[in-house]
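Multiple structures are listed underneath, in structure tokens.
In the two complexes below, chain A is the common chain; its partner is chain B in one and chain C in the other.
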Partner chain A sequence: MFYISMFFQYISQYIKTRLQYRADIFVEFFSDLLSQAINLVFILVVFGHTDLLGGWSRDEIIFIYGFFLVPFAVFSAFFNIWDFNDRYIVKGELDRILTRPIHSLFQIILERIELEALLGAITGLAVMFYAGSRLGLEMHWYDPFLFIVFVIGGALVYGGVFVMIACISFWADARMSLMPMMYNISNYGRYPVNIYNKLIRFMLTWVLPFAFVGVYPAAFFLGKREWFWYSFLTPVIGVVFFVLSVRLWNQGVTKYRGAGN
Partner chain B sequence: MDKYFEMIRIRFLMMLAYRTNYYTGILIYSINIGAYYFLWSAIYGSKEHIVGLSMTQMTTYVAVSWMARAFYFNNLDREMAVEIMDGRVAIELIRPYNYLGMKTMQGLGEGVFRLFFFSAPGLIIVYFIFPIQFTWDPSVWGLFAISILLSFLINTELNLLTGITTFFLYNNSGLIRAKRVVIDLFSGLLLPISFFPGWAQEVMKFLPFQGISYFPSMIVTKGFSHHQALEAILQQFVWVILLFLPIQLLWYFAKKQLIIQGG
Partner chain C sequence: MENVMEVKDLRKEFKAYSSRTGLKGAFRDLLTRNYKVIPAVNDINFSVRKGEMVGYIGENGAGKSTTIKMLTGILTPTSGSIIVNGMNPHKEREKFVQTIGVVFGQRSQLWWDIAVQESFRLLKKVYKVSDADYNNHMGHVIRTLDIEPLLDKPVRKLSLGQRMRCELAAALIHNPPLLFLDEPTIGLDVLVKLKIRDFLKEINEKYQTTILLTTHDLSDIEALCERVILLDEGSVIYDGALKNLQEKWSEGKELKFQFLEKVDITAVKVLTSELPVKWELEEKEQVFTATVEDSGELISQVIAKVVAAYKIKDIKINETSTEEIIRNIYEKGAV
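Coming up: the complex of A and B.
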């Protein structure tokens, strides 16, 4: 209960501070929109030269991209920890976090929340509806519920992987820039995994399961039966990776020694 | 002139000191090349050629354009924004050098470092992993060298231009991000300009972006004839000069209305 009330207090505080600088929100939203538009332009231009990409049509790829944007938006809103090492370990901010009465990871998530990233979900939904209507997809009564489950699963996959990467800084002192690398790898998950070779497909499914953020869950709504099994695995993988990451975090925090004065 | 060379050297040594970033950098670039390699092989499917490029040429294009990016890419816009926002630029301005020139030299130091320790070994690694074909014609490599030097200048000028806007906008992180994604697409890094529909290609002829990545990469993959290559280099050169004017103009006004907060 305490955690929930903390959550809402931080959110209301956050909204107040953000509304001070409205222009910033607008600019950020616009630049997000631009980078999404550019990814779409890439898909459109590529399909000017081919009809199928590994057996998937243009609208299906666009649909996958639209789906991907939704869990990604949820992830970016709540797991803004890409500069964890710099901000909390090198500068010693974690000292302060550890004195707080709630779980340290939860405290960091609350502090670094970035709700405006959720606007990306709206773009994602719009893209999905556009592609879906062109494909003539039908909505079933259970689709919205499964959609929410898959989105949460996907966001947890992302969250789990990134929390684990952040945990590395508890053990290794060296300044690591693994985070941008992960962002790059995660781009793989936006395209159908069957275009990659076996090794990469295995990696994207079981090691860095970014395929569960884009193509696998989206395949369910596209009615691709051969991938259904993977689609339904999405929430499982999400929960497993997230629980693992929290465990790793709890281990790592005990190794934290502060950064001097 | 000496002090500018010294700046290149210092940046070079600084890069040498922070090596972990650079190891992960090689990995990031290999991953990107890998991703686009698979994507392109799926796009090519059973096709031999798309708009005059074979699959091997396309793979080479992807590898070269990413490795060339390591040379011309820099974060000068972000560095400038930080220096302007926290007021450090005041000290930079009273130092006995041209601030923008010095920034360019720092970028060059970074670029030269990555060219030797990043692009060159990276290309060799990529050469063994992916089916890439390099030409051994020295004249092609000579033209390529001139061309990426000009790409560096164009890209740096665009960065300086974006950086200077901080004087007027105060917070331009959105603009910096937007500029980066626009350059990735319209410079031909993600896909060759010749893949775009005709009208878009016409529009891009009037923009400086294709001089950043498309021209040098096309020169190495031999997608350009000798004549076309020379024309491309000339066009890059014209852009280098054209972009110089708005920088000087904006810089002049920026210095006039500069307000340092705090101190």
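Coming up: the complex of A and C.
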């Protein structure tokens, strides 16, 4: 309960901070909106050249991409910890975090929240509806609920892997640049996994399970029965990876060395 | 009285590697590294009773900040035990930090972009402070620190002195029984320093708040602390009353003379040749300094002789300052 109320407290703090800069807020909003529109056009143009890929039609691939954008937007909004190493370890901001009576990872997530990123979900939904209507997909009463569960599961997969990577900074001394690599690998999940070779498919399913952010859950809405089993595994994998990452984090915090004054 | 802090054989080691020279060395470093284990805090013991104000002093790199970070649960000790407020700071961190307040002079607790009162409000929620407690306690803190007019300003617009007062208030929102201050007066002007000192004395009296203070400004320690813990290269070299330290180490008194006319130092030396006095002359300002033992008799005699012979513009009698005492101790490395 306390954590839920803190969540909203931090969000309101975030909004207040944003409102401090009036001009900024409008400029940023429009630039975000514009970049999403460009993104949308870009997707349609790129996929205009694909027809059939490993048994998936053009519209199905677009649909998967659209779905992927939603958990990715949620993830970007709440796990904006790209600069964790720099800001919290090297500059020692973690000192401050650790003197407050809230779980350290929770505090960092709340401090770095970036709600604008949620706009990306709108693009994702638009892409999904566009592709869905071309495919003639029907909506069932349970679809929205499952959609939300899958989105949360996908975002947790992303968040979990990301937090684990960030944890490396507790042990490693140097500044690290694993984050960009991470970002690149994560893009594989946007495409149907059966087009890849077996090893990569295994990796994307069980090791760095990014397939659970895009293909697997989207396959459910596309009515691909052979993938259903994987679709319903999405929230499970999400929770498992996130719990593991929090465990690792708790271990890591005891290894924190602090920054010199 | 009960102990709020109990530190036994506390040790913190850092692993550092020394890099070899040259390009060849860099390649060798890639494969095997020369690790060196450096103890930043070396088996220290002390305890602090409720209501005490303790000055924790030492040179840069002596291990002060590392100790404070272990006491506040930020760092995990390599070995040894810490009990603060009846808890192990690192093990029960979230419960523990509810009972302490921390001010790092070089780091801000407040949110940079929003008004001070918004930061206070959020911290109030973080520490689960009730409205009644908050109004009652913080009303007083805000008045004493005189930060009422700053509350609606964003932190980035405050001066350092204003910000530090707000930081102090922020650390006290939950009225903790134990307060850690790491260089709280760094870079502040005299007036703000005085205000902060008075305030600390007041909360210490009013709430019996225990305060552990590190600072490089020894006047802070003189004004606030009866007890000091002196740290050198990770070990405690002195733990006791500040007064004892002063008595034991003071090297008598200094008499400073300024004369109306020009006086030669040899003449002054001849004048007091029968007395055990050491003279020094500061050329630029024509200040003659006589170092003598701390005895009333002797001091009177020296003054009587000098005053009888020359016209005086100014006389000062100084005790050896704490700063000098501490400097002497550092130079010798032991008490």
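Everything that follows uses one rule, which is that the second predicted complex is superposed on the first by the 230 of 261 C-alpha atoms of A that agree within 3 Å, B and C clash if a C-alpha of one lies under 4 Å from a C-alpha of the other, contacts with A are read in each partner's own complex, and residues count from 1 in each chain.
Just so we're on the same page, a residue touches a chain if its C-beta (ideal position, glycine included) is under 8 Å from a C-beta of that chain, and two chains touch if they have at least 3 such contacts.
Keep in mind that what you see is a predicted model, and the values were worked out from it rather than measured.
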Chain B versus chain C as contact partner of A:F147, first or second or both or neither: neither
Touched partner set for A:L53, first chain B, second chain C, both or neither: first
Chain B versus chain C as contact partner of A:D24, first or second or both or neither: first
Partner chain(s) touched by A:Y191 [first = chain B, second = chain C, both, neither]: first
Touched chain A residues, chain B compared with chain C: B
Touching partner for A:V41 - first (chain B), second (chain C), both, neither: first
Partner chain in contact with A:W82 - chain B first, chain C second, else both or neither: neither
First, second, both or neither for A:S5, with chain B first and chain C second: second
Chain A residues contacted in one complex by chain B, in the other by chain C: none
In the complex, chain A residues that touch chain C: 2, 5-6, 9-10, 13, 16-17, 20, 92-96, 98-103, 254-258, 260-261
Residues of chain B defined as touching chain A within the complex: 18, 20-21, 24-25, 27-28, 31-32, 34-35, 38-39, 41-45, 47, 50-51, 171, 173-175, 177-178, 181-182, 184-185, 190-191, 195-197
Parts of chain A lying in touch with chain B, wherever the complex brings them together: 24, 27-28, 30-31, 34-35, 38, 41-42, 45-46, 48-50, 52-54, 174-178, 180-181, 184-185, 187-188, 191, 195-197, 200
Parts of chain C lying in touch with chain A, wherever the complex brings them together: 14, 65-66, 69, 72-76, 90, 93-95, 97-98, 100, 102, 104, 106-109, 111, 113-114, 118, 122, 125-128, 154, 182-183
